[in-house]
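Each chain carries a letter (A, B, C, D, E and F) given by its place in the written order, and its residues are counted from 1.
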């Protein structure tokens, strides 16, 4: 099984972390590949950057289908372009946020998300609302670290731990979700540290949740319903100018 | 007061209808101008086409602000780019769908939307869900006429009337919303015909609702909250390459 | 366009503030007039006082229609008599609370209301619940100042500012609503002060929101649906004894 | 225990039916008394008539408390004046609609209400919404018979039976509620007839539900919370002019 | 009228308190009897213990019906076996949690539950969710005292008082519910103490609420709907081995 | 990875179908084993039968953990004992209904369930309600075939197809879920037949969904939160009498 992970940025700084996180949890039968955009934002920390990244994501989604991939993951916790890509292609398209919410709902009563910045909190609350799981959400917290500064893993982990303790003790969260796909390599460590502090709770890596949901759909030969996601009337035409569609900000 | 109405398409076929509908309901003090995209879809009838139109809409939104407009309307019932544009500019940005739902909520117990095609029904239901007004919605129906065929006004009106009668009698709708901004010039006529049939119900033109909401915000010196819509970190840079951002499909 | 603003009290102390707030935001084409009740409470700070004011409000509503007004505002944040008046007359009837909730929903993710006393908090929460917007509400706070003491503008503003800061920082409100129509002349000043404190958020005056919604309805030739608000069978008869209907408390 | 049942009308036509229905289900220890209004509507079939009845109901509520009654029932399915009366008096005040919804919720998965006219359907849906039980409601249907024509018991029963069968088979109702307190003397008969037709479902008389809830509150020495229902500041004064407060329509 | 109160435990330590609480609030016409299980847990403080108690509860429910009881109460705040027993027997089956939520909803805007341990908090939140009343719930708090230690009445009351004050002042509760049927003999005292502290709020004993709801159903000749609770196909057979079904843990 | 599938019945008739359905979708690394109960119902078609099966399921769950299994599936669409088993063991416990709802939510806007009998419809609606996904559910339909008659595969498939067409065309379902784990071997065939009829929609086998969710949890080293599912205080003791706990009906 081949899964294409599309990073909604125009650089390759995040590729290694994204690949390692995906590969760590993928089945032995799964082959992971990473794509980035020709033009796109440096990071997605708001609705505007997300919107500018989506044409490029859609181009990469169609490319992935044409290259024979079995499923696509839009590798950002805003689930950018997921709905549009589901219209465009005939293979499963998975969003890490949605995958995380659904997995969390099977693990405990209420979940909290800990994300990067205040600017993405309303976006995540919109995603929870459309998923239907608003009554299962305890809170959305943030560590106040921009995506591109998550490379300082120690600082990221310390800040995540602090907010997770608050989510548990103040917001009554029972399950925790890392609210940025750039928060790689820390889910299990945080789960261990919370356990050591007396909180036996699951910590969900959104990339991991997305990989497993994509693998599940492919195994079950399921993909998005065409009654929700109608195939667009002009999508072949759009490819003729595809490269330009991969928008560029910087 | 100057309001810029942005059509999310790359042709000018819809300009006249859009202008007339907006001008019909605008205050005498309001000056309406229409913009279309350099590159964009022929029409927006799904998530994919909406996504491809958004970069161009955002370019036009920033242009409108720089040209001194007081408010912006994204002239499509999918409210494309409204959230992203609210981050980008410092003037009110209004979506016709949201404006219609909110106005309908003040006019009666439950509203129905009648839109063009099945492909946009889930999009509209998502918009109602995030607005919070799902319990106020009776149904979303469609006339099965593509946007660009709405030019046959008689056929459009007959189909709308038929679905509106069903919305009232079968779905218990008390207020009706035209679910496409291309359905211009018929709201009041349909209201009259429904009245003649014994149904004294309001029929909302989404363009009209958007104009009035935009005028209200400008009059009240209100604009989107920066706690929901954080200004993007790189938006000035993006303008240097703005023309390319206006994505192109056909 | 003529809009009648009905104060649900039997004195004229509040007339000047109500008129100035309404006139400040009304369009040049709009003529504002104020009515008070022959008999009614000194102020409305609970369900009982609201109930006692409603017959008088309804009398004034019918009078306004007969005198050729184009729309009616029930000038109290409990929206007293709005539903009953919509049955009684054939011109739009607007409630300031409902108008404020709907406007707030278009400006940011979640709103807080800051009202006068604890006694009206449950009433406001009921209004939000029936509007459908409960998931968009962050909190209802109060300044613990009775309506008739709001004349001390400095004290009112200081208390409002304090609660608004709490609404933003503790309840995660992104939009603020003044929860009493007697809180006149302070919305824009508070918005400026919050901005100076680093919170770029809209502050909604309920009178202003109601004026704009009423003007919008009249402009769009829309009024309440008769499927929700059936015309009462005996309303002409009631007028014969109208003056007595204007209940009196003190 | 003494329970005062207040009819929101100015005539005594409904007294006998109301008393018999209440007495049929009251405990042996309970003494039922009926009050009507000096001035009030002929019947309550909309928001306007309800609003005009409330001052008179409040006058009777205070009178009931002063005469030593232990609880009050506002005998109409719109629950007129219940919230205001809870502020005014220190004895339990019960609304038949609320009492019926809560009882129905303990008897089956979803309930339907069958009421008199379309004009009261939105009022009942508002009451269900504020009760919180909207997801437990299957439908609100009506027999299209005005309150004062319910005296034709055979016609009423036939129409109720027809709508109840529709509620069960089309709306998936599991519990049925008579949606007008004037529908007396038929709940058990309808329950038997539905059973004979193969539907073993409870049929709730709203007067009966209200009597039992009132008796329960008195037995448990519970009454409305003063944190929700603050005592009005001027309620003693209002009594000086009480008789006039009992509004009159016809 | 005969009501059987079934304690979901295999010992008789709790019988006296349960009987006294039930008898205190029962009508003079009501005869209360208590049953315990042959095999069952020492107490129910989680889903596992509840599940192990249910077969024994169902055996006792069928026994109660065969012995001519008019109604059954499953005497635990998890409402164990209530849904299954409603299928099994043809007399009303009442759960104290559901009865308390419904009664609370008629007494004030929002209620809080104060229960024994954190382990039952999610169970209670599930019960509120299925009841439909989640938007009426302020919070579920716990005193951190196991069921079998509630015998120290002074300690229990002090802890309950402390949490109730927090529920009122921090969670904005207007009505309070004792969240364990073992919290007997303290509801009225706590109500008095809260009143003395300035909080005029109802405190609901779940046993009392259940007794009153059961008496109401019997008086009104109502029982659970067979459309929700279908009679099981093999329930007579099960009785042949009934004694063994009454599961035993210790 | 070893997954134990527990059938909540005391016979082995369903073993072959359950094993084949699970094995068909399991990863190559997964080893499936089936367990049945010593004592239990013939089938689970209501709350009573479910309750009687749960002690036996819990016994089998503890046995599975002791035998080194990595995850447990309670193989019935009522998710019997899932919550209690999550308290009891330290390996993931998955319910097929919950797994199906969550998977469906990622595939389309609204799902319908088609189950066996009317008697389980309310149970399934309760499960959807506690999952939080009620607004994502289109309907729960049934084929009116008891579990043990599903062996007639042609009749089952024809009835399922008929109800699925109704779910799509009348209830606006976009995703379909088989509402009984006994409906094995037909999900993909039905998906093909619906596609041939013009409906390109996913059809979910609940056993398959559960296998994939269990595999995902094990791969991600996640299990239920101990803040939701507290370990029961007496669970070791219970094992001493474990065999008797496995209740028997017939």
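Annotations for the structure displayed:
Just so we're on the same page, a contact is a pair of C-beta atoms (placed from the backbone, for glycine too) under 8 Å apart; a residue touches a chain by one contact, two chains touch by 3 or more.
What you see is a predicted model; the values in this text were computed from it and never measured.
With contact taken as defined at the outset, chain A and chain D are each touched by B, C, E, F. Across A-E and C-D, it is C-D that has more C-beta pairs touching. Here the CA centre of chain A is 29 Å from the CA centre of chain B.
In terms of their C-alpha centroids, the spacing between chain C and chain F amounts to 52 Å.
Annotation for chain A: residues 109, 122, 126, 129, 134-135, 174, 227-229 touch two or more other chains. Taken as a contact graph, the chains fit none of the simple arrangements: neither line, ring, star nor complete graph.
Contact between chains, using the touch rule, shows up for A-B, A-C, A-E, A-F, B-C, B-D, B-F, C-D, C-E, D-E, D-F, E-F.
Within the complex, the chain F residues that touch chain B are 109, 135, 174.
Against chain C, the residues of chain D that register as touching in their complex are 39, 41-42, 45-52, 54-55, 58, 81, 83-88, 117-119, 122, 126, 129-130, 227-230, 232-235, 237-238, 241, 244-245, 247-250.
On chain C, the positions that touch chain B within their shared complex are 25, 27-29, 94, 98-99, 102-103, 105-109, 131-136, 168, 173-175, 188, 191, 199-202, 204-205, 208-209, 212-213, 215-217, 219-229. Those residues of chain E that touch chain A in the shared complex are 122, 125-126, 129, 134.
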